[in-house]
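For clarity, chains are labelled A, B, C, D, E and F in written order, and residue numbers in each chain start from 1.
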Amino acid sequence: MRILVANVNTTASMTDAIAESARRVASPGTEIVGITPRFGADSCEGNFESYLAAIAVMDAVTSYPEPFDAVIQAGYGEHGREGLQELLDVPVVDITEAAASTAMYLGHKYSVVTTLDRTVPLIEDRLKLAGLDARCASVRASGLGVLELESDPGRAVEAIVREAREAVENDHAEVICLGCGGMAELEEKVTAATGVPIVDGVRAAVTIAEGLVRMGLSTSKVRTYATPRSKNITGWPFQS
Amino acid sequence: MRILVANVNTTASMTDAIAESARRVASPGTEIVGITPRFGADSCEGNFESYLAAIAVMDAVTSYPEPFDAVIQAGYGEHGREGLQELLDVPVVDITEAAASTAMYLGHKYSVVTTLDRTVPLIEDRLKLAGLDARCASVRASGLGVLELESDPGRAVEAIVREAREAVENDHAEVICLGCGGMAELEEKVTAATGVPIVDGVRAAVTIAEGLVRMGLSTSKVRTYATPRSKNITGWPFQS
Amino acid sequence: MRILVANVNTTASMTDAIAESARRVASPGTEIVGITPRFGADSCEGNFESYLAAIAVMDAVTSYPEPFDAVIQAGYGEHGREGLQELLDVPVVDITEAAASTAMYLGHKYSVVTTLDRTVPLIEDRLKLAGLDARCASVRASGLGVLELESDPGRAVEAIVREAREAVENDHAEVICLGCGGMAELEEKVTAATGVPIVDGVRAAVTIAEGLVRMGLSTSKVRTYATPRSKNITGWPFQS
Amino acid sequence: MRILVANVNTTASMTDAIAESARRVASPGTEIVGITPRFGADSCEGNFESYLAAIAVMDAVTSYPEPFDAVIQAGYGEHGREGLQELLDVPVVDITEAAASTAMYLGHKYSVVTTLDRTVPLIEDRLKLAGLDARCASVRASGLGVLELESDPGRAVEAIVREAREAVENDHAEVICLGCGGMAELEEKVTAATGVPIVDGVRAAVTIAEGLVRMGLSTSKVRTYATPRSKNITGWPFQS
Amino acid sequence: MRILVANVNTTASMTDAIAESARRVASPGTEIVGITPRFGADSCEGNFESYLAAIAVMDAVTSYPEPFDAVIQAGYGEHGREGLQELLDVPVVDITEAAASTAMYLGHKYSVVTTLDRTVPLIEDRLKLAGLDARCASVRASGLGVLELESDPGRAVEAIVREAREAVENDHAEVICLGCGGMAELEEKVTAATGVPIVDGVRAAVTIAEGLVRMGLSTSKVRTYATPRSKNITGWPFQS
Amino acid sequence: MRILVANVNTTASMTDAIAESARRVASPGTEIVGITPRFGADSCEGNFESYLAAIAVMDAVTSYPEPFDAVIQAGYGEHGREGLQELLDVPVVDITEAAASTAMYLGHKYSVVTTLDRTVPLIEDRLKLAGLDARCASVRASGLGVLELESDPGRAVEAIVREAREAVENDHAEVICLGCGGMAELEEKVTAATGVPIVDGVRAAVTIAEGLVRMGLSTSKVRTYATPRSKNITGWPFQS
């Protein structure tokens, strides 16, 4: 089974880190392929960049030359998952949703700890649309940008642990979701420091995608995610 | 005051029709400028096309060469409004929301009558995110595609009136929103046939945009819609 | 176009201030007429006074001797809007709702800053019924009574700014609604002090009422707001 | 213990019927006193009449010359309960709420069968504000006016039974609330015809009011229902 | 009228205290019978114990040898009420729900003060399922276990009063529900210390159960709570 | 990895069928062990039987003599999952929730098709508590009892397909969950007949349980599902 793990930003080292993390929980026989968009921002921290990434991920996935069995959209709180579902016949798993649905098996309430405060409403909106918000205790920001997670992991762990503790003590979270595709490497340290289950969205998405493939299930095509109608499109695909 | 009315598809005749409709309710002194995206589909009827339109509208609006006072996103149930709000300092009004908030001043419950069934969930999702769904009785599809509204207006009126009547009689709607940027010309006929107020989103958006400008109000920049952070972006703007 | 702006209390100086504020955003050609109830309390700060005002406003509006095009109910969180809608054929706009629907075009979440703590639940209830509460971050009380706003504007600004800042910092509001008909004069100072858009309900209501009239739209008469049935009524109208 | 049962319309025969029905479930030692407003409509079937009734009931209750232990607001879906709570130190029970909270002890979902279609949204709104709507399957209209219940009880039973059956079969109601103060006499016949528990709001309210008095409980005065502030009021009380 | 008040734990002294408290509000002619489960935990403070209690209460109630008119399930936030409703023809009243529905007649919002923090989510879940959570401001824990209420009433009052005050001041509760079957004796002291109405679930349940019996109402048998189908059951009843 | 799949009824042939179905999607190296309660009903179709099953499953799981890595509660809409989570250190997955969270990756809305109408509210309640109801279009009953699924599979397929089609056409479901532990064998036929993805809860639960184990995640013990406090328990475990 081959699973594409699509980074939402153009930073290749982050794609590698995400794919590496995904491989740690993949079953034997599952090939994880990290893909990086050909255009867009080097980090997504807002709606403009996220909408650009939505299209860039569709571009990258649909131009991938080999067959694949599932796609993971590895951006937290990002736009675009519904478009991928229309364009593809294989299952699409968004890491924001994967983290949330996994966390809900582990505790009564969960919180998300993400990067910048400005991305909090994006994540809240995605959870609301996904219908996975009823047991979300809070979405908290560590105050660090996406690229700072890579450049200063020590400070990142500290900030995330601080917010995770606040979430447990004040918001009554019992589980914490790491709210960024690039946080997986921090999982062990945050777990050790907080004593509650820590869910990484990428890893959660790998297990869910594998499960869907194993059950032979894919996106329903009867209504919302039906294949796009044939029509005149200008300027797409972008690489042409 | 100059208001840009951004069509979401590449069909220029539809841009003209939308702008013409907008002018009918614009105040003296308001200049309505219709703009057409440089890429994307000739009609938006699903998520893929809508995400492409989101970026295409941002491209078209940000490359408009003259100053302007407000922008209307003239696609019903489409993605992208949040991105425009980040990129601009002037108010942005989405017609899905404009129709809904206007309808709520006119009756206890409202319904939306749109084009194809597959676009119903997109509209429902936008209303949910906008927090304008609590008084939405239903979103109903006429079964006609966007371009059929132009090519066969007689059949369009008939189908819309049929669904509008169902909405009033079965779903307890007291007001009907026309769920497509290109439906404005049908307003009078639908009103005559149903006896309830009919709200066209483009016209509603014009009055709201004018009001915001007159009050000196624009998008809050403190959090969700703050100007994007400065970062490395590849391949944007597209025309460069 | 003539718009009646109905104060909910019997304090004529407040009617004047409200009407004056309304005129600042009215279009050329719009006549703003302030009306004061003939009975009721000199300030509304609770349910008893608000119910009395509901009837007093209906009495004042229906006995206004000239034709008019729209009515603004200029009390924040007050009862009675639905009754006016039944009695009239022209649009009725409540300032609580006008402020909320306007704020929702400007930021992801809004807060209301009102007068006394005891009026907070009234405002929350009106927003809930109007289906405009989903994006309300909080309703906060400044602790000042309605009449103190007039008598001590300096202290009023200070108290309102304090609560507005709390709303932005703690409740994640991005826009503030001034939760009292008599607060409009404070708008500029509060805006300057907080850096977020400040919405005055009366002004917002003027732009919405004008828009409805310009679009030729009025209250739906098919169900909830149908004209009252003919029946035996004792003691009404009160002035007879 | 003396309980005032306040009719919301001016039809004295209906007051008598309501009081008579209340007496059937009152405990020994409880005196039921029916009171009729001195002004207002002879039947309440919409917001205008209901707002007028709100004030008329406050007028009638506060001018009642003897001491009393609780008040029942015997109009279904009517305004005004919050005002009574502010004005009085004894408990106030609204029959719309009493029927709903009672029905919730008897089945998983309940429906309300009321008079005219136009009163349905009023009842829905009251249940929503009361926070008693989550288990409401539907509010259905029999199509008969309030006074027709008295004048043609046979037809009333037939219409109510028809809607009650629809509620059970289609809306999955397991309990039916009779949605009008004047329906109590129909209870036995409707019960016999439908086979589900039928709740009359007036009777439910009597048992709840008695319970509150017996427990020594009354309206909290710390915030929403605090006694009105002392202020200048013109034209109230009306009889003066 | 005979009402069974079923304790959920095996501590007989607590059964006695609960029954004694129930008698204080029971009408003349109502016999209160306390029953104690034959198996289970000596205090219920979590889901395992609560599920065990659910079955133990069904066992105890269905093996009670005399006729009875209603049953009160006297555990706060416990499982099992739905099972009792299926097994019995007489009304069943849960004290969590009785306290909530009673509190809602007394103030705009209520809070619950319970024992241990771990029982808070159980109570929140019961209120949510019962559809009585919309006006619940908070569920707070005093930090004392069930049996400590009996063994150290002075400390119990202190802890409950502290949380009740927090609920009123910070959560905007206007009424407090005592969130444990064994707290009734503390009612007077907590009332005196907080100045808001204090609702004991057992007493509230007595008045509601009496009211249902007096109205001749009992559990609807058409769907959710229909009598169990006849089938092969192993190991039940346990005492056989 | 060993996963216990706990049937909720005492019918051993159904345990075998459930375990057999689970094995079809289990990874190589995963051992599926079906366990049957020692007491309870031969089929669960209501609250009484479900509460009994809750305790019986806890009894069966905690007395299983070998180590295991995860538990699947294989009853649809049943009580008890929270108790198992308290008693165990390994993950617990309920099939009602597993089917729902899986379906949400496959379509915009899902429906459940279950056995008898009386079990519909139980399933709705479990989904509500789990916070997985926002995208549930409907829960529909086939009208067949649990044991009829085994005894008359042809009729079962027909009835389930009929309701599944109704769900897709009328309720706008895009995915169907088979709402009974014993329906897995029908999956292929129902899929073929409806053209939408069909989710079997047991199989979904296997993939989720395996994923949790592979990620090293288990139930959070900080609050709701903390290990039960040590206390005096009478009559448990039952087999002693």
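Definition applied: a residue touches a chain if its C-beta (ideal position, glycine included) is under 8 Å from a C-beta of that chain, and two chains touch if they have at least 3 such contacts.
Fair warning: this is a prediction, and the values are worked out from it, not measured in the lab.
Enquirer: Computing the C-alpha centre of each chain, which chain sits at the greatest distance from subunit A?
Expert: Measuring from the centre of subunit A, the most distant chain centre belongs to D.
Enquirer: Could you check which of D-E, A-F or E-F has the same interface as A-B, with more than half of the contact pairs identical by residue number?
Expert: E-F
Enquirer: For subunit B and subunit C, let me know how many angstrom lie between their CA-based centres, rounded off.
Expert: About 28 Å, centre to centre.
Enquirer: Approximately how many whole Å separate the CA-defined centres of subunit A and subunit D?
Expert: For subunit A versus subunit D, the centre distance works out to 52 Å.
Enquirer: With centres defined as the mean C-alpha position, give me the subunit B-subunit F separation in Å.
Expert: So the centroids are 44 Å from each other.
Enquirer: Quick check: what residues of subunit D touch more than one other chain, meaning two or more?
Expert: 108, 120-121, 172, 223-225 - these are the residues of subunit D that touch more than one other chain.
Enquirer: Within their complex, state which residues of subunit C touch subunit D.
Expert: Residue positions touching the partner: 10, 38-43, 45-52, 54-56, 58, 79-80, 82-83, 85-87, 117-118, 120-122, 125, 128-129, 145, 223-226, 228-229, 231-236, 238.
Enquirer: Quick check: in the complex, which residue numbers of subunit D touch subunit E?
Expert: For subunit D paired with subunit E, touching residues are 25, 27, 91-93, 97, 101-102, 104-108, 130-135, 168, 172, 174-175, 195-197, 199-200, 203-204, 207-208, 210-212, 214-215, 217-220, 222-225.
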